[in-house]
Every structure is written in C-alpha cells, then in structure tokens.
Amino acid sequence: MNGQQQQAYDRGTNIFSPDGRLYQVEYAREAVRRGSVSVGIRGDDGVVLAASKRVRSPLLEADGVEKLHKIDTHLGVASAGHVADARQLVDFGRRRAQTDRLRYDQPMAVEPFTKAVTDHVQEYTQQGGARPFGAALLVGGVDTNSEGEVHPRLFETDPSGTPYEWQATAIGADDDAVREYLEANYGPDVSVDSGIELALSALADARGEPFSPEEVDVVIIDPTYRELDIDARREALESLDLLADRAS
Amino acid sequence: MNGQQQQAYDRGTNIFSPDGRLYQVEYAREAVRRGSVSVGIRGDDGVVLAASKRVRSPLLEADGVEKLHKIDTHLGVASAGHVADARQLVDFGRRRAQTDRLRYDQPMAVEPFTKAVTDHVQEYTQQGGARPFGAALLVGGVDTNSEGEVHPRLFETDPSGTPYEWQATAIGADDDAVREYLEANYGPDVSVDSGIELALSALADARGEPFSPEEVDVVIIDPTYRELDIDARREALESLDLLADRAS
Amino acid sequence: MNGQQQQAYDRGTNIFSPDGRLYQVEYAREAVRRGSVSVGIRGDDGVVLAASKRVRSPLLEADGVEKLHKIDTHLGVASAGHVADARQLVDFGRRRAQTDRLRYDQPMAVEPFTKAVTDHVQEYTQQGGARPFGAALLVGGVDTNSEGEVHPRLFETDPSGTPYEWQATAIGADDDAVREYLEANYGPDVSVDSGIELALSALADARGEPFSPEEVDVVIIDPTYRELDIDARREALESLDLLADRAS
Amino acid sequence: MNGQQQQAYDRGTNIFSPDGRLYQVEYAREAVRRGSVSVGIRGDDGVVLAASKRVRSPLLEADGVEKLHKIDTHLGVASAGHVADARQLVDFGRRRAQTDRLRYDQPMAVEPFTKAVTDHVQEYTQQGGARPFGAALLVGGVDTNSEGEVHPRLFETDPSGTPYEWQATAIGADDDAVREYLEANYGPDVSVDSGIELALSALADARGEPFSPEEVDVVIIDPTYRELDIDARREALESLDLLADRAS
Amino acid sequence: MNGQQQQAYDRGTNIFSPDGRLYQVEYAREAVRRGSVSVGIRGDDGVVLAASKRVRSPLLEADGVEKLHKIDTHLGVASAGHVADARQLVDFGRRRAQTDRLRYDQPMAVEPFTKAVTDHVQEYTQQGGARPFGAALLVGGVDTNSEGEVHPRLFETDPSGTPYEWQATAIGADDDAVREYLEANYGPDVSVDSGIELALSALADARGEPFSPEEVDVVIIDPTYRELDIDARREALESLDLLADRAS
Amino acid sequence: MNGQQQQAYDRGTNIFSPDGRLYQVEYAREAVRRGSVSVGIRGDDGVVLAASKRVRSPLLEADGVEKLHKIDTHLGVASAGHVADARQLVDFGRRRAQTDRLRYDQPMAVEPFTKAVTDHVQEYTQQGGARPFGAALLVGGVDTNSEGEVHPRLFETDPSGTPYEWQATAIGADDDAVREYLEANYGPDVSVDSGIELALSALADARGEPFSPEEVDVVIIDPTYRELDIDARREALESLDLLADRAS
Amino acid sequence: MNGQQQQAYDRGTNIFSPDGRLYQVEYAREAVRRGSVSVGIRGDDGVVLAASKRVRSPLLEADGVEKLHKIDTHLGVASAGHVADARQLVDFGRRRAQTDRLRYDQPMAVEPFTKAVTDHVQEYTQQGGARPFGAALLVGGVDTNSEGEVHPRLFETDPSGTPYEWQATAIGADDDAVREYLEANYGPDVSVDSGIELALSALADARGEPFSPEEVDVVIIDPTYRELDIDARREALESLDLLADRAS
C-alpha cells in the first residue's frame, strides 16, 4: 500500500484499512518511540524498572520529568511516549488499584491491574470521538500469596490495548536495541540486584556512552516499591564503570 | 468495482457499497486473518480448542499472550485477530454468562451465549461512532441436560456478527488451509483425545514444520474447562512426531 | 444519472438524490439479493416458509445457519440478506410479540406485528448515525378469531421499511426467477401440503438442479409453528423427484 | 445555478442554497412524485379520497399496499411517495388524534390535526441528523359543530411542512395532470357521490385507459370514515364506463 | 470575494467568512424574498398588517395559505418566506405570549415579545446542527398602559435574529419597492383606516395592477386583533379603484 | 501564509493554524468592524458610552436599533458587530448581574461582571458545535465602596473572550481612527460632561461631517445609568458646532 | 514530512501523524509563543514571577492586561499565549485549589495543583469536539511543612498537558533567548530579592533595551503572594540601570 493509499485510511481512529490495520494505533506506537526508553526486568525476588531521561536544560529539575510512577506499595509503572497521555493512564491505574483494594481489602494482583489498564486503552481505539493513547507502560509488581510467597510479574501495555507478559523488555526510543541487549544478557535466576546492573548496562549500551545519575531513574519492587536515590544510582553506575566524567 | 470506486464506500462503518457490501466489516475480517490461527474441534464427549502462538522474543512469556479464554466452567473461547478487541469480547462474554447464571441459577447454554456475543458484535457494524470488532472467536462448550447427557457445541463468531455452528474449523492466518486439513481428516465419532491429535496435526500441517509446546495452547472442555500443561502438550506433540528439535 | 453523479448522493443514509431516491436503501436491497433465497407460500390452512442454504463446508452444521426463525407459536419469519442484521430484526420482533402477548393476553396478529417491524426498519433509513438494515423478512403467521377460524397471512418487509402482503413470494438471490415460477404455478385453494411441494419445486427450478435435504429448511404454521425434520424434507424431495443423488 | 453549483448545497438537509432554496426538501418532493397518484375531493356533505395502485405481481395482495389510512372515525389520510415514510406520518397522526381526543373528549378538528402533522414534518427539514419525509398526505375529514352541522375539510401536507387547504387536488405521479382535470370538472355543490365519480374519472383520464377495481382504493368520510368495497368500486367504474375489460 | 471563495464559507451555519459575514443567514434572507410580500403600518390608534397571496389554483382555498397569524388579542404577526418555518416561529411566539400572560396576568408587551422571538431565531444561527429560519415576521401589537392609553408598535424580525422597530415596512418579494412606496406616502397622524388604504395601495403599486380581495389578507389591531372579511377587503379595493375586473 | 494555505485552517472554530492563530475568531473580529462604531470614555465621576447609528430608512425607528443596553443601575454596555449576537451577550450579562445581586445583596462590580462575560465568550472559541460571537462590548460601570467613593471602570470584551481595561476606546467600524482621536484628546481629570463632548467630537471626526441627534445614542453612568434624551443630544451637538443642518 | 503531507494530519485535534506527532498541540505551542514572555525564578525563600507586557495604546490600562494571577495565598500563576484560554485555566485552577482547601483544610501543595491543571489540559488534546488550550502557565508556590519549613516550587504547564519542574524558566515570545540568559546567570542560593533582579535583567536582555515599570508585572510568593507596586518596580529597574528614559 503506497503513501497516498495509506492516507485514505489513517486519519480516522475508528476505521480499518483494506488489509485490516488500524493506522492511528500504529502512529500512536510511533509516539511511544519518540519518548526516551524505559526498561523493566523481572527477578526472582522482585522487579526493576529504570527510565532514561533527557535533560533539556540544566535549570530543568530532572525529578520533575516523571517516567516512573508508584501505583501502590507493591505496584509501579514505567512509561514511554506522550508524557501527558501516560499521566492519564497512571491516574486511571491508581484510581483502579485503590478501588480494588478498598473493595477486596487486599492489594490488586498485577495481571488484573494490567488488564484493567489495557481494556481502558482499547476503548480509545474503537469508539469515535477520541484518539488512542500515545503512551506505553511497563507494569511491574509483586503478588504475595497467603503463604507469603512472592511472585514478581512484568507486563507491557501498548497503544492498541494489548497486554504482554515479559521476563525483561524495553519501551520507547531504541526499544529494539535495548531488548536485543537484554535477550543476550538476561539469564535464569536474576536477582533484583543483578537486575539493576542489567538495566543500567542495557541503557548505556543503547546510548553508546556512560551517563550521569541524573539521567536515569530506577525503582525496585521487592516486594515494596522504592526509588533508588541519586547516591545509590551513582554508586551503581560507578561500580559498572558507566559513570560519565562530568560532575553531577 | 475498481480500487478507486471501492474507496468511495469503504471508510464509513455504516454505509453500504452499491453492490450491498459492508467494506469495513470485510476489512475487519482481514484483521482476523492477520492474527495467528486458532482451531476448534467438537468431539462426542467434549470440545478441543487450540491456538498457535508466535513467540517474538525469548523474553516474552508465552503464557502472557492469551488466545484461549475460560468463560465459565463449561465454556471457553479461542480468539484470532486484534488481541485487544478479542479481550473486549471475552470480557463482554464473561459478564453475560455470569449474569445469566445468577439469574437462572444454571450454566448458560452454548448457543444463546454465542448469539449474545454476535448481537453485540453486529451493533458495531450498524451504529455510527465506532468500528467493527477486528476479532473472531471460536466458542466451545458443553451443555448438560437434566439427565446428565452432554452435548458439545462449537460456534464461530465473525466480525459481521454472524454465528456459525461447526464440527471443526479454524480462524485466523491460513484458516483456509487448516480447515481443508480438517475436512480431509475429521470423521465421525471423534473423541476429545483424538481431537487434540487432529488439532495439533492440522496446525503442524499448515505450518509445514514441527513446533515446540510453547508455540501452542490447548484447552479441552469435557465437560469441564481445563488447560493442557506444557508437559501434556510436549507429550502429545512427541507422540505425533511433531515436536521440534530445539529444546524448550 | 451517471455513476459519478450518483456517488454524490449515495453515501449518506439520510439524504435524497435529486430524483428523490434513497441510494443507501437501494444498496441495502442489493445486500438482500446477496443472500440465498427464501420462499413463502400462503395456503388456506396455513403458511409455508422455506429457505435455501449454501453449505460452504461439510464441517459446517447446516442447522447452524438459521434462515427460519420462530417468533411465537403462531408466527415465523424467513430471512434473506445480511445474516447478522436479520438476527437483530428477529430479536426485535420476538421482544415485540412477547410484550404484546403479555399486555393483551393473546397472540399478536400478523399484520400489526409486521408493521411494528417495518416501522423499526424505517427509522434506520431516516435518522442519521446508523445504516439501513441489509435484510428482508418474510413474515408468516396464522390469526385465529374467536370462532376458531384461521386466517393465514404472509408479509414481506424490505430495507425501506415497507410492508407488502403476498399470496406467495420470494426474497434473496434470484428472487425474481423464483417469484416468476410461483406466479405460474400458484393457484387458488393451496393447502399447506401442496405449498411445501410448490416451495421446493420453485427453489429447484431456480437452482436448475435437484438438491439434498441439508440444503433447505422448511417450516409450516398451520396454525402452529413447526419445522420439517430432515427425513420429512428428504421424503418431500424424493416424492417430487428433486432429491440429489449424493448421499447426505 | 448549474448542476455543479447545485451539488454544493443539495446534500445537507439543513443548509440553504445562495438563492434561498432547500434542495433536500425539493428532492423529497420528487420522492412524492415517484409514488402513484392519490386524489382528494371535498363535497358539501363529506370528503372523498381515492388512491391509484400499481399491482406489480398477481400474487401481491392489493389490499396490502395501503395508501388510504383511517385516522379516526371522522378523519382519513391518502398518501403518496415513500411508503414507509408515509406510514410514520400516519402513525404520528393517529397517536396525535388519539391523545387530543382523550384530553378534550371530542374529535380533533381537521385543521389543527393537519398542522400538528406539518409541524412535525418541518422539524425534519431544519434540525440536522435526519432527512425530510419523502411523503405527502391528503388529509380529509369532517368537523361537526354543536348544532350538528358538518364542515368537510381537505388539506395537503408537503415535505416542507406546509399545509394547504383545497377543494380538490392530487398528490403523487402526474399530480399536475390530475389537478388540471379537476380544475376543469370540479364545480360548486359537489356531493360525495359525484365526488367519487370525479375522482375515478380524473384518475382514468391521467392514466389514459380504463382500469380494474383492484387498481384503486376509495374512501369516503360523510361524516364517518368508510371504505368502498371492491363491488362498489367495480359498479362505480362500470357506470362511468371506465372498467377495464380483463376480469378481476 | 468571488464565487468559489464564497463557497468555502457558505455551507456551514456556524462559521464566519473572512470578511465577517454569515452566509447561511444571508441565504435565509433570500428565502424570505422568495415569499410573497407582507406589509405593516403603524397608525396612531393601531397597527395594520396586510399580506399578498399567490393563488396557484382556483381549487386552492386562499384562506388556507396563512400569512397573518393572531398571537394574542392585542398581538399579530405577518410572515414572509418559508411558510413552514414561519409557522414554527408563530407557534413559538404563541406559547411564549401565553406563558407570559399566565405568569404576570397581563398581556405581553410588543417589544419583549419581539425580542423573545429574535433571541430564539439567533440561536439557530450560532449553534451547530440546525439551519437558520428562512422566514421573517412583522410583529404588530398595541400596548395599553394603566391609564388606558394605547401604544401601537410595529417590529420586524429577520433571519439573523435582529429586531427592528418601524413606522411602516414590508418583508418578502419586492420588499424594497414596497418600502420605497411607503417612504413616499407614509406621513404623520396615520390612522388605522388610512393605514389600510396605504397598505393596499403599496401592494398594488408593487404589483403594477389591480387585484382581487382573494389575493390579499388584512388584519387590524386597534387595540384588538381582527381580520377584515372578504367584503370589507373588496370594498376597500373598490374605493381605491384597485379592484381587478374579474369576478371573485 | 497565502490565501489557499489559510483556507486549510479557517473554517473550523476549534482548530489552530500552524502559526498558532484562530482564524474564526479573527473573522468574528471582522464582523465587529462591520458594525457602526461605539465609544466609551471613563471620567473621574462616571463613564460615558456613545453609539453611532446608521438610519437605513426614515421609517425605521432609530430607537429600535439598540446599541446601548442597561445591565443594572450602575452598569451599562455599548455593543458593535452582529446585533443579534450582541443581544445574546447582553441577555447573558443581565441574568448574570441579577443572579449576583440576589446572591450577595449588592451590585456586581464591573471587573467580575466583565470577566463573566468574557469567560462565556471564550467557550464559544474552544468548544466545537458553535461559532464565536460576532460582537464586541464596551462595559462601563461605577463601583461604589463602603465609604461611598465611586470608581468608574471601562472594559472591552472582544470575540476571543479577552477583557481589556481602557481609559477611553472605540469598537466597530473605523475603531482605529476614533481611538487615534481619543489618544490625541483624552487627558487627565476628564469629567462625564467633558467626556460627552469628547465622545461626540470623536464620532464626528471619524465621520468627517456633522450629524443629527437621531444618529447617535449617549448614556452616562455617574454612578446611575441614564440615557441622554434627543434634546440633550441636540443641545450637546449644537454647542460643539457638530449639528447637521437638516431638521430632525 | 513536507507541507502538504503535514496538512493531512494537522487539522484534527485528535489524530496522530504517521510519525506520532499531534500537530494541533504543536500549533497551540505556537500560540503560546505569540504571547509576550513571562519568567519564573525559584529562590531558596520563595518564587518570583514576572511578566512582560505590550502596551498597545496609552489609553489601555496596563493593569487590565493580566498575565499574573493569584490562585491562593501561597500560589500564583504567570501565563503566556492566548489570554482568554489562560483565563479559563486560571479559573479552573482557582476552583480546584479552593475545593482542595475546603476538603482537607490546608493549602493545596504546588505539585498536585500543577498536575490537576495539566490533566485538565491533556483532555483537550485527546477528546474530540474541542481544541487544545493555546496557553502555557508558570506555576509558582511555596509549600510549608508542619515544622514551618518552606519549599518553593516552580512548574511549567504546556499545551500538551505535560508538567515540568524548573529552577528558573520562561514561556512566551523569545522564551529560548530568556532561558538562555537564565541558564548563564542563575546560580545556587538565589534569594527572592536577587530573583527579582535576575528576572528583570533577563527580560531586558531579551528585549535589548531598558523599559518602564508599566511594561512589566512582578509577583513574589515568599511564602505569601504579593504584587510589587509600580514604585517598587521602578526602583528595581533603576537600581539595575534598566529604567527607560521616558517618564511613565
């Protein structure tokens, strides 16, 4: 299908092309690739989420560009793509998780949470009057059963509203390159600690150069959500020999 | 009707072409064919549903790409096409079956369940403001009468909202090739056990090569819904000499 | 009016062409002609409805392709055209007939039933936001008055929402050819029994060859709705020397 | 204004052309002219409504193609144009007349009835989202005052929603020719009886040949609505030497 | 702005052209000019409204083509343009005047009545989904204060929703010519009686020939609304030497 | 941006052009300039509003073309542009001021009143389904504090919904020329009396010739809204040597 | 993507271009750049907001062109772009902050306030039927914790609905040049007093010449919102040798 033929079908959010594609959804995937990359890694004892950040100006507060979002004590999200769209999904997710917890008096499991988000995303691809979400999420969380066993889970939600479960993956710019690195280096029996190293190495590999702790955010859920502070990020980069020279 | 003439009618979900066709529904059928194939086989004692899966990355959890969905203890669904659309239909179906069970205090029979889904699908082809569903379902289930006799049923729902009843069929990529194999090999007095073999053989035949147990999901309803675990799938492939060499 | 001029008016469901035509309604009539043919015959003692069926695959359950639908004990419908659209009309009709029976505690007469359906169909040709129904119905039923006299009635509903009353007629593919046969062979004092023969002969004449009992469904309302089972259909075809050779 | 200029304004139901015309309303008038002709004649003692009918097939029940509709005991309507649209107007009118009778406990007078219908018709020419009605009505009725004096009235409603009062007129195909005949032959002191003769003569004149009693329906309101049965129609045609040879 | 440029802005009811014009409103003014002319004259003791009528057929009841409408005992309206649109405005006005009278227990003054109508008209020029009204009104009425002094008022409402107060004016076909005649002949101290003469003379002047009493309707409000019957109209025409020869 | 490029963005009320402009709002400003000019002058002791009027016909009541509107005893408005649109804004403002007074039992201050109007105007520039208002207002009023000190305020509201506060300004045709005159002649310590002279001089200057008292309306709010009657206007024009020769 | 290709995607507020961009949002950013520049600077002890103003006419009240808005005692906003749009956001923000304060009985923290605004802004970029806001805001405020420690925060909201946190930044015309100046001159340990100087210097640098106190507004929040009066602004400009010669 050439460009002109494509244009006949790519402006309506709720029409199929003759070969059964939804172009607006595919364009929304391009919006995701315009955002900086985020990585997720599932370990035996928890999940690691890491987000690369572009700092446009030294006056911009790096912490102000949120790519990692706490949903609940056991559940977090890394986003890529249109920032404002991602925020809407995060808000939706927080309300959903909170409602579920109030209703059943226990944390919402990671898979149903993910599917609640993707069902919401799908509706924007089928109903008229709105565009799809130009954002993807990595959903990381830890389910704990009644015996206290932890089950870390990692999901991706894409602009079509499809949920995928991963051992490790990336969304955003250069997601293919990062995922390739992960495929080559992810192995069995990953721990959260080695997951942090793998995430930072993957981001550095895609970037092609070391970076500063301001340029990356890291969160671990093992099984409780917590952010790595700037010292911990600097230390981790240093120990991997990935710390950029310039002082932060 | 040539391409340009066709374009005059194929972008509105709620208009007919001069020869009485609904192009958006036909394009949605193409979306179904873009999805990997699913097979359904009705035996005397139950129904077999099997779904082929494309594993894009070794890090992707194969179980995370759901093509087979439990609706109720006696009722399951295999989907093909746009994954997020199929999930919406599955959610619709689950709510519908649950409501029916609560109201009448007995499981919903397979045929009325199927028609509730197709009526829902049809509305998206006639009302403006939304596009058709880009997904088809195979609905398999077992009705049990008051004497305890089981009546396995197998239906297909397509994007136009038409229900078809089958002895055995396929939806998705290469559905024609798979159905041809089934027509040649399906006979009277099929059991669930021989149905599993037939389903796997048909998928392998269309694929042209053996495959691994991770690349297929199988569910039987006889009369209770249960999934075949990976060992059972490997054993079944092995016994049919369809197991790919590479270790899983 | 040439093709290009026609295109100026044929895509909006709610606009007239300069010569006062509603093209979308006419295209919906084409959708009816794309469906296999159905026949209706009014006898003195009841109504016969028969529907030809195309069996695409030996694995397809012929009974699963419904063209004949019971509305109430005294009332049935044969459809042609877009199957999913016809199902919506049938559902509408069933609810309407049931409501009427509950309200007045007697069966709904055939004519008001038909007009309730056509009024519903008309609205889809005038209001914006939806397309016309791509289906026609033959409504057959028997009114019984307080003295117990039966009055068989046969109506057609078309996509414009117009009701027609017939002695005998056909809808769907080759409806003109079948109706021509009926005009030549329908006479006064038709009974339901001779009506069955006339219906099958008309279908065979249009088809140009004998056929199997799986390829036709027959229903009689005299005054109670009942389907002819496959043996009765085979027997009828045999006695008319219309039975195809191949075993069913 | 040439054809192409006209096309710039004739597809929206709610826009004016530069010369202040509403093309969709004018096209709806063409739809009226596509229907067979109906005649109305006001006599001193009542109103006559007659409708010509095209019988497409000998199997079609002529009575099933309704062009004359009883609204109330003192009020009837003859329609021309899109049959399904006319039915909607008739239904609207019946509900309106019934509501009025219930509220005021007396029959609705002919003029307010007509204006209720035309107001309803007008709204479909101004509001977006729907098309105009492609049907015109002749409203005939008899008002009776408290002294028992009868006042026959005859109105026309057209697709713009304008009411006209007539002594005698026609709507539908060849309405101009029929009206010309009426202008030449309608005189003072017409009775219902001579009105029937005038109506039949006018129809035959426009048709250019005699016709059968199945091809025309006649209703008189003097002051009570009643249909002429087929024998009365045959007799009337015979006495006017307008009866076609072929047996009915 | 040439024709093609104009077409870029003249089909949407709710858009401005680059030079700040609302074309649909201007086209609606053309619709007013397509209607036959109506005249209004304010005298010291009351208001005269007169409407010219085109009688298309001798069978058409001239009284049936209403151009003059009583709103309340002290308030009347003459219309020009699209008849069905004018009827809607008249209905709106009657309901409004009635509501006002019920609420305040006194007749609605002429100016607030006019402004209620024009506010209603304006909304159809700004909100989407409907077209402007293709009708103008002359609102004539007499306000009576608590001392019993009468204040005749005459207003025009146009399709933009602007109210204008006049001593005398015309709307509809040839409104400019008629207004020119009024400007030349209207003077101070006009009485209702001389106003009738002035109105008839103005209409005859624009027409260029005498006319019959059937071709004009006249209403006076002084301060009570009443119609001039056909004899009074004939007499008035005769006394002005404006009576057409042909017998009425 | 050339004309054709501009047309790509100027017909939708709710879209931006590539250079960030809202063309429909700019066209609405043109509609304001099509209206005759209004002037507002803030003095130390009150506000003067004056409106120029075009009298199309000697029969048109000049008072009937309202450009100056009383909102409350301390608050008035002069309008320019589309008269019917301005009336809607005036109605909105009156209701708003009345509601505010009822709620807080004191007159609404001039600035919040103005902003209530501009917020209303803005909504018509952002929401779909309606066009912007083609009218601007000068809002003049006097706030009185608890010590009885008066604070005259003068605001402009434009079609974008922006409020501006002025010492003196003009809206409508030739607003630039009039404002230039005001800039040259407005000084500190203006009283309402000198403001009247300044307003009339500015209007005469832009007009290039003297005028009659019928061609201008003047209102002062000091701190109570009152209109200058025709004698006061004539006297003022005379004393300024601006009175046209022709008798009024 | 060339101009013509861009036009295919840039008029719908709710569609993506093939490369994943939202053109209407980008055009809204251009609308922001059309507005005069505003600056925000975060000091250790508070926040400074300054807005440059273009004074079109000496008669225009400079205070009447609001660019700085008080939201609450601890919270203010500087706007750039479409003034009427900014006012809507300010109104939204005030209502939101007030509701929050009423509900929790404490001032709303700066970050949640900002995100409430950006979520509102985002909805206008995804839902159909409205355009994005053509305005950006700088949100400055001071959070005070239970120990009485103050935490000044400075955020930017852009037309996409993305929140950014800054140490110092600018929005509106020449925002890049002003931000460049800030990057070169902003250092650690900025106080509100030095922040005022930095803001004025940055504006003067971008302007390339001194300016008068009427051409700038300044607000500080430390931790209470208050405006610098004209004397304070003149004094500050004078001490920086940035005061224009012309008397104000």
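Going in written order, the chains are labelled A, B, C, D, E, F and G, and every chain counts its residues from 1.
Here is the rule we go by: a contact is a pair of C-beta atoms (placed from the backbone, for glycine too) under 8 Å apart; a residue touches a chain by one contact, two chains touch by 3 or more.
In UniProt terms, the chains line up like this: A, B, C, D, E, F, G = Proteasome subunit alpha.
Keep in mind that what you see is a predicted model, and the values were worked out from it rather than measured.
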Starting at chain C, figure out the least number of steps needed to reach chain F through touching chains.
-> 3
Compute the distance, rounded to whole Å, between the mean C-alpha positions of chain B and chain G.
-> 55
Which residues does chain F have that touch at least 2 chains other than itself?
-> 128-129
Which chains make up the ring, in order, starting at chain A and heading to chain G first?
-> A, G, F, E, D, C, B
Listed in rising order, chain A residues that touch chain G in their complex are 6-7, 10-13, 23-24, 27-34, 57-61, 63-65, 81-85, 87-88, 91, 124, 128-134
Touching residues on chain E, where the partner in the complex is chain F | 8-9, 12, 14-22, 115, 118-119, 121-123, 125-129, 155, 160-169, 179, 182-183, 186
